[in-house]
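Shared chain: chain A. Partners: chain B in the first complex, chain C in the second.
On to the complex of A and B.
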């Protein structure tokens, strides 16, 4: 270690201490409740696996998160791919449009979706008015509405992550493929797609982790009919006072996320994504 | 959140022990229009009497929030506006002080409205509210009609929070009011299941109003206070008092509250009939002091759940039953409606 490196290391110590005291310790304190509330032992964890209702909540969460992730990634890839191919002036406008939702609170966005999706909302009025459907469609207060809201929330994140990855791809490789006679379809599947794996992997991981703990959007757009883990935990904390079960479920969620990250880090694509900066 | 953090800092830096010379009472309620209304009905009269400022914090005194405050010994609320059920649950857990009846005059409130850990500040009901323009010539008049999709087609709303939901279902299924408790949950679920596709569940009072305004529902099981606000906006939205489900709200005092015993002077003052009628006129929250009835006009009585005319077909919600069973029941209900 050079003396510069030692100095640089020392500068990170205060931030690390602060994080440890104000973030890690309180989290551990909360997680400890899962072993002590209401009685000492593993009772809460046993209850998690024996409770059919919690099983259903977990299944709903996994299903909604998986569908959200797949849809988000597919659509975001299309947008990011288009961004890379735009002339710079158009791209600036497009990037701006992608960023706009970031400035609007998640609550406002959920209520905006209700206005659009409800029975006599914007979309249904247009559909019924144009004669496309005779009865308004059930677009919200169900899993469909929740997924629409979540995909909309996640897309800007995924687009930015994918755009960062795609714009780093050396366009000379594409030219080389073309000059060797590859058709556009095979250029996409054999050049673009393999080279975007790091971006896809990191965006996918990010969206899955984010979705698993989503609270506001499912609660509002699901209106009781779609119960996900985060909302279940929130009910146990604030109204039923079953803190033991709530913290046990939080611990499990944290563990699952940790395992997901650990597994993902074993894949070369994700390691490449994290090491991308070191050139 | 920021407001709560701010309050925490304010309390932490207050000079001297907070309870020694309290200069203010901090009341926590559920926010919105209730901030101003509580100040007018309870805060201003108390300040005139005692010189103490009343601060209304609208952060929402969920039982979990109170427990967290008491556990971390950083209590910033003196009086919290929760249900009588919350008062019993919090009392059982040791998170609230017993009401000091040497300061608070028990006889000010009606029978059954003064408990060990909570005293009723106001009453309200869950009622069958409807959109008169949408239900046709005959208005729905009982929970039976809530289930009658032929006579009254269209979506309905119920609350995601369990209190007062299954009672309406069981009344519609023919259970006699006097045999309501303990609730026959399986019977209620069986009756409710076919109706599930027609139901939208609300979780906040504001949301229950919005569902009517948006024309999403034709009728619903909502708080009469919210139905009253809706009717003030548009007389097409109205409700029936028949088979209303009567709730008692209650003041509780978190253990180790900053103002100490002074809070009980505030609570006593809030039971004043004039204060209570003021709140009724602003919000529709009904007086717990029977003497308030003498101060009421006919218009006031029309929105008062304990007015004899309205209370006669009402079913009092059992606080004790919920204190013992709510956690279990709430989870069962959430599981049932999300299947």
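On to the complex of A and C.
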């Protein structure tokens, strides 16, 4: 190794030490604790599958994450598709409307949704005031409120990913389809949609993973009535101190995230997208 | 259906849907502004005129908003400086070093972007309680550095990928020592990426809530933590006031980003071109 290469190696050492000792090691310890706390064995995992409360939490998490992902992807695709077709000046305005919610704190967004959706909130006052409904609607502290908040949180991510994918599509392909007499609807379903599959898959993957482990928005907009995995883990380590259950659930969550990424990497289109992003 | 109206439907309807969705993203965030200006002392729209009392309440030291803003600023600045320095060193080293080690390390380094933070929170509560670092400045800053490094590495790495490696070869063949090459050839050329990385690192720390929630209690109250407890405790319009301030800062920052930064970037690239 030349002295120049030795220098380069040394420059990577602080980052390596920091991540290995203070990121990788604590997470490995979580995995280890799930097999040793309170007693050595698979007891925590047996409990995970037998406990009815945990079963309910897992079902809620999967249901809310699935609905959130489908809604987010469909709605974000509509926005990204429109973005690609906008003249530059209009697109700047539209992108600004995407970037403001993207950069504002997740807590501010959850708080805004509470002021809008709660019993005597902005929306219910307007609905009751205008006579559209006689009783205030239950819009928050239930699955509906959690899903609204989560879709609102995830959409800017998905729009940015889909927009990046769509703007790479060669417009000459669309022109070719049009000049061969394809109607707009068939151009959309037979040209745009197949070409956006890698983007849709990547955005879907990210949204599913973010949703499964999401703590803040479900906790605030669900207020304990929509218990998802992350909040359940947080209750275990801060109030009931059941470390075994908390670490076993964390391990399962990590495993699911790992499997999803591994599955995604099997698809050549996705692998290309990941490697393209790495350049 | 006439061809004309069908065309209108095929072109116009998607556009209308897209703008409605954009409104769904943008408008709800704005609701904090009128609520912050309410003349009542609970969360509501203004009734008889507007009032700035809730903004004045933010300045009241004993209400706890100012101390938490200063705490967050301090931790975010310290984390941004450390994370940027470590990330810049890593990114430069990885760019120069020949071998598999940097690419393996890079995957591990970027993993906080995808691994749910709740898992990291569980691990850090355990580790910090063993080391006595729960609810300390040092403990929070270290965690924020770890979480801020991925975005800093990405930003600095993007800057480096535009750098011509022949520049380094030229410096080496002219006999420059390694320290000179790293400090006076590579570093000055990646200033924009490094600044962007530092800003991103600052924002990550400033916004971090999931892990901070578990490793702090009464001693270190960052702004997100203060907002979290206020949402859980009560419905105080001061919350809407702080949300409005954060919204205003975000909008100003974005407008600066979309105007000034682009202009600087354009000027730089023109400069490079000549």
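The rule we apply is simple: the second predicted complex is superposed on the first by the 253 of 279 C-alpha atoms of A that agree within 3 Å, B and C clash if a C-alpha of one lies under 4 Å from a C-alpha of the other, contacts with A are read in each partner's own complex, and residues count from 1 in each chain.
The working rule: a contact is a pair of C-beta atoms (placed from the backbone, for glycine too) under 8 Å apart; a residue touches a chain by one contact, two chains touch by 3 or more.
Worth saying up front: this structure is predicted, and the values here are computed from it rather than measured.
Once both complexes are superposed on chain A, the partners chain B and chain C clash.
Once the two complexes are overlaid on the shared chain, A:227 sits against chain B while remaining clear of chain C. Once the two complexes are overlaid on the shared chain, A:110 sits against chain C while remaining clear of chain B.
By the document's definition of touching, of the two partners only chain C reaches A:253; chain B does not. In the superposition on chain A, A:141 contacts chain B only, with no contact to chain C.
Contacts of A:97 after superposition on the shared chain: chain C is touched, whereas chain B is not. With both structures placed on the common chain, the touch criterion links A:124 to neither chain B nor chain C. Contact with neither chain B nor chain C is seen for A:217 once the two complexes are overlaid on the shared chain. Counting the residues of chain A that each partner touches, chain B and chain C differ, and the larger count belongs to C.
With both structures placed on the common chain, the touch criterion links A:238 to chain B and to chain C. By the touch criterion defined above, A:69 lies against neither chain B nor chain C after alignment on the C-alpha atoms of chain A. According to the touch criterion, the shared surface of chain A, contacted by chain B in one complex and chain C in the other, consists of residues 120-121, 237-238, 243.
In the complex of the two chains, the chain A residues touching chain B come out as 53, 56-57, 60, 118-121, 141, 219, 222-227, 232, 235-243.
Chain B makes touch with chain A in their complex at residues 62-65, 67, 89, 93, 155, 160-161, 200-203, 214-216, 326-327, 330-332, 334-335, 337-339. On the side of chain A, the complex with chain C involves touching residues 3-5, 7-12, 14-16, 18-20, 22-27, 29-30, 33, 75, 78-79, 81-83, 85, 92, 94, 96-101, 103-116, 120-122, 125, 152, 155-156, 184-185, 206, 209-210, 212-216, 220, 229-230, 233-234, 237-238, 243, 246-247, 250, 253-254, 257, 261, 279.
Contacts from chain C toward chain A in the complex involve residues 10-11, 14-15, 17-19, 21-26, 28-29, 31-32, 35, 43-45, 86-87, 89-90, 92-94, 96-98, 101-102, 105, 108-109, 111-112, 114-127, 142-143, 145-146, 149, 153, 161, 172, 178-179, 181-182, 203, 207, 209-210, 213-214, 224, 227-228, 231-232, 239-240, 243, 246-247, 250-251, 253-254, 258.
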